[in-house]
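Multiple structures follow.
Next come two complexes, and both contain subunit A; in the first it sits with subunit B, in the second with subunit C.
Up next is the complex of A and B:
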């Protein structure tokens, strides 16, 4: 099955050289190589059936072929040795700590702006800078309670941060489901490693949410607020609510009365203390944000401001998700923590800067151009595979609104063996670990490895036809 | 000047509505030239009111009425002491510098946004207001501001019902007519085009002997930042300096930051609003004066639920589906 495997001249997770697996992959390589193609196919069918039966789906927008899909699952596990993971973990803890300090700072003293570390114009022109949050205090001064940071590996295998998703990152339910299914389909393979557990995530999330209300009540009522059944991540919202044993609600199930938030139940109104909201800021409160939103809870912001309800994540975290703010994260780490960043950024050209902008316009065919507030792989240009028309279209967009665009050099993501028909081929992957921040950061011991299932493709987003694989953090072999 | 102001807002709905949530910006500001001695708020149907400061320092009163109702009445009464201000702009020492660097805290008052839309036409108009003179001698900021006021007075006509609260300054530039809100947005736009920090003020204008326009209503005007004096109010609608008969209620980047009342409700009833403002000069401070109080007006509301028609429900569901798919990440 590995006979035709090509290394393609990029970093390969499994192989050091042709047919030479890295030490932590030796056991997987050995067992998979012995497996016949038909045995592997049988396991694959088992896994697919299991996903379908449990209704583990996501929704693709702008697609006429039935909107609900199962998230393609790739059976070959990705393995990260503990020594490598320790570095990632420390890097992520450092990053989320700095990002939270940044959020608190921009909504309070604005030291980082006054000292010119981050250009104030950049923040004041950011769509996601919520002036409503200025001078508002949030529990423990923590804004980003759940973060899903996207990591990639370059040609030399260095981990780089591609973006920080500090608003409402999704995907964690697939991590947990992938693991459950891997254990069922490959029990022996799984047992041959000492894989770190990830099953404590829902418990840790619940603790983290409880801590948000600890100064007010002993036994807080917690809810998960979903946009509703048509949202792409609805499966995940219901999954997490079930795992934590809390109610799943929509905006219309909540009501503000006398400066508290209540949930409508069959036994009358019940006060809500903490909302794990999976609804964007824009839709959260029509009185404060988008007036035409019917998904939100009118008056919620007033209650939030008074501290009578806690939200996770806090309102306004989008300011550090802005892709034009991302290049300043290493400077934030230096500024707030006096440390050197453990995880490096991908070099980014800020189109608001005139010289950067000119470079971008001249080199559109070598760069990835992204909208500063986009996500999910929508609205971006992959320069090297784009047509002249697409490039011209983006050039016009950039010129008319430079603040809204950034560009990055095309990073050759690392590859990992994936099952294609009856053999293995290299496919590009990234890694999204999840970090919780209650009293202190807790990094999940694993994450979502996303796979670009098309040959040569560099886009791993599930909305763009990506799949996922289980990620094993294993104790070192030697 | 000691002023007593009563601001009555009547909201009438064509059908019963419920879950009304509102934010009011009706309490006059406490600041250098203006002292709020008393503020009262009466709201019906009866409810509880929560107040807080927004990020600009304006006082907001928020409330919700969850039961069914078809009218809301809000009566805001204030007693305010205002002082005469420095009004001789041309004597201010400040020089207008086209590429001056301001502290970043002025960002919000220099960037365009909301209904204050940048355009070549706006910039051309603003440039035409720069006083001509010896190109080497510095231009005074006060002279630029006076010239902007005069330009608006000469070229634009006050006329109601041409624009509404959603009009941007491209509208007034196109037909040359509008009300105080349009004049204010226009003046702010021109000032920002010339790199002069400017902000929106909403408040009340007490009529004086000169018969200032817009006196029976709430009013809007502009504040320009003079480094030597701080924020100075000027009124483009009346081509004058904001004096002691101007009562400031809220400041903002543009109208969207300062509406006197803003609300959402559930139900298909259409809202109609009537506003009446009455002001009078007092000779002495009333002895019995509550600094701040809220009360209830006796208007009816009912228990029960609102019934939507099938069509309304279907429409609602369709909108929900669309919004659910607009979420990110």
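Up next is the complex of A and C:
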């Protein structure tokens, strides 16, 4: 099945040269190479059926063929040796620590703005900067409790941070389910490895949420707030509530009274202490943010600002997700921690900067242009495969609103063998590890590897037809 | 009666407009009747201290749990009734061609489909209402079909996925997909029996799995409550409709045909084997009605179901407001007594209809009382 495998001149996760697997892939390669195509296909069908019967699906909008889809799962596991992982882990801890200090600073003393490290106009013009949070104290001064940071590898195999998701990152349920399914359909592959367990994630998340409770610390009522069954990540919301054994609530299940939040139960109202909300700031409270939202809880922000309920993540963390703020993260690390960043950023052109903007406009065909608040692979221009019309369209958009755009050189993501029809081909991947921050950062020992299933495509988002892989952090072989 | 519902009096209301569908979820929360919040808090603080051991349940979750269970039970009944009728009509076949139409119309009445526009149309157009037509209808996705009942059961389950066991969810989800696969049209055409049978077995499996994987606390009790209310109601409707048909055909039917039809009634209620053992196969209408309505041992009859529903609501009420008597509990308790101490004369001839009406009315009152007490906070 590896007969036609091409290295394509980019970094390959499995092979260091044609037909020569890296040491940590030797055993997996050996077993897969011996497997017949039909045996592999059989396992794939087992996995698909398993996903469907368990209802592990996500919702695709604008799709006539029903709304529920299986997240395509690629059975070849992605392996990260422990030595590499240690570096990633340290880098992520450093990053989330700095981002949390940044959030606290921005909503309090604003030292980083006053000292000119980050331009104030950038922050005040950020769509997701929340004035309502100024001088509001959140528990333990932590804003980002759950973070999903997207990492990619360049031509030389260096890990780079592509973006931080400090609002409501999703996908962690797939990490756990992918592992469960791999154990079910391919137990033999695990045999020669010591793969680190990821099963403690829901437990760690629950501990992290418990630490947010200000009162009734011994027995807080914790809930997961979902936008509802029609949300694309509904499965995950339900999954996490189930794994933690807490209630999954919708906005209409909650009510604010006398400056506390209650949920409506068969036995009347019951007070809620901590809300793990999977709802963007905008929809959280119609009295404070978008008035047309019926997903949230009227009055929630007032209760939150009084400290009578805790939210994870805190309101206002979107300011770190702004793609125009992202280039300043290395500077934040230096400023708050006096350290050098362990994980590097991808070089980024801020279109608000005149010289950067001119460079971007002249080199649209060599760059990826992104809107600063876009996500899910929407609102992007992939310069090298774009038409002249698309480039002109983006040029006009950038000129009319430079604050809203950034550009990055096209990074050749690393590739990994994936099943295509009846054999393996190289497909581009990224990696999203999940970091929890209760009293200290905890990095999950694995992550979501997303695969661009189209040949040559660099976009891995599930909304753009991407799939995923089980990701193993393994103790070093030698 | 404390349930705030309107009293139903006429048969047409019971037949036609009874609210036995889950109301479509309202998008704007504000349209629900608002109550004074303060009252509830006082009440709930009392409750929490008294019932600290049981965890409160979201009203939305309770409602979805209830409807999930009702729709699974309903799907099972739909499948069984259609299946039994197709079989019975093969036996009646040549002997009584005019029974075909009557019998299928009966099926539609039981399923509350007889008033539907397309059914009325085909009746007016003089098209024969044959089994294939009904089978086809059950396989499409319109309201009150088999597929629609299962879809609603699964949608409700999906919205409370974290509150039911993984095994329950997988059982229901697998059943759902087995009926929505690409090959289902073909399966319906080749062997509808296989499809209906798989739904019956799927529902029974779901109930067994629920009993053995979910703690027998409030959630489970809502499942029991809904299941038995639906079952009691369905059996009443089956008995009512079939006795009508058989009485209206008078002496026209010969005894062998009659027996086939009585057996059909028992089969539709999943009770034929139990009945045979008790009455050694003697098909007497009075025994049959007594068996389906008043027997205390068979889980497939009205008295047993009402008793089980009453126990479930008593359990719920006890964990939620132990001091007060629940109004649904009171209604079901009274109904239980009526069934337990019924006289055989109440089941003979024309009094049977009135008796059934009263049962159905009480069941309906109990449903509204439950909705008011637990779902509409």
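Some points to look at:
Here is the rule we use: the second predicted complex is superposed on the first by the 471 of 478 C-alpha atoms of A that agree within 3 Å, B and C clash if a C-alpha of one lies under 4 Å from a C-alpha of the other, contacts with A are read in each partner's own complex, and residues count from 1 in each chain.
The working rule: a residue touches a chain if its C-beta (ideal position, glycine included) is under 8 Å from a C-beta of that chain, and two chains touch if they have at least 3 such contacts.
Remember, predicted model here, so these are calculated numbers, not experimental data.
A count of residues in subunit A touched by subunit B and by subunit C gives the higher number to B.
Contacts of A:253 after superposition on the shared chain: subunit C is touched, whereas subunit B is not. In the superposed model, A:263 makes contact with subunit C only, not with subunit B.
Contact with subunit C, but none with subunit B, is seen for A:54 once the two complexes are overlaid on the shared chain.
When the two structures are aligned on the shared chain, A:229 is found in touch with subunit B and with subunit C. Using the contact criterion defined above for the overlaid structures, shared-chain residue A:120 touches subunit B, although it does not reach subunit C. Within the superposed three-chain model, A:242 lies in touch with subunit C and out of touch with subunit B [touch as defined at top]. In the superposition on chain A, A:167 makes contact with subunit B only, while subunit C stays out of contact range. Once the two complexes are overlaid on chain A, the subunit A residues touched by subunit B in the first and by subunit C in the second are 229, 255, 257-258, 294. Across the complex, subunit B meets subunit A through its residues 19, 21-23, 48, 50, 52-55, 62, 64, 66, 104, 107-108, 111, 262-264, 316, 319-321, 323-329. Put simply, subunit A touches subunit C in their complex at residues 52-55, 229, 235, 238-239, 241-242, 247-253, 255, 257-258, 262-270, 294. Subunit A meets subunit B in the complex at residues 59, 61, 113-114, 120-121, 124-125, 131-135, 148, 165, 167-170, 227-233, 255-259, 278-280, 283, 286-287, 291, 293-295, 298-299, 302, 305-306, 373-376.
Listed in rising order, the residues of subunit C touching subunit A in the complex are 27-29, 37-38, 40-41, 43-44, 47-48, 51, 56-62, 155, 158-159, 161-163, 166, 169-170, 173-174, 177, 218, 316, 319-321, 374, 377.
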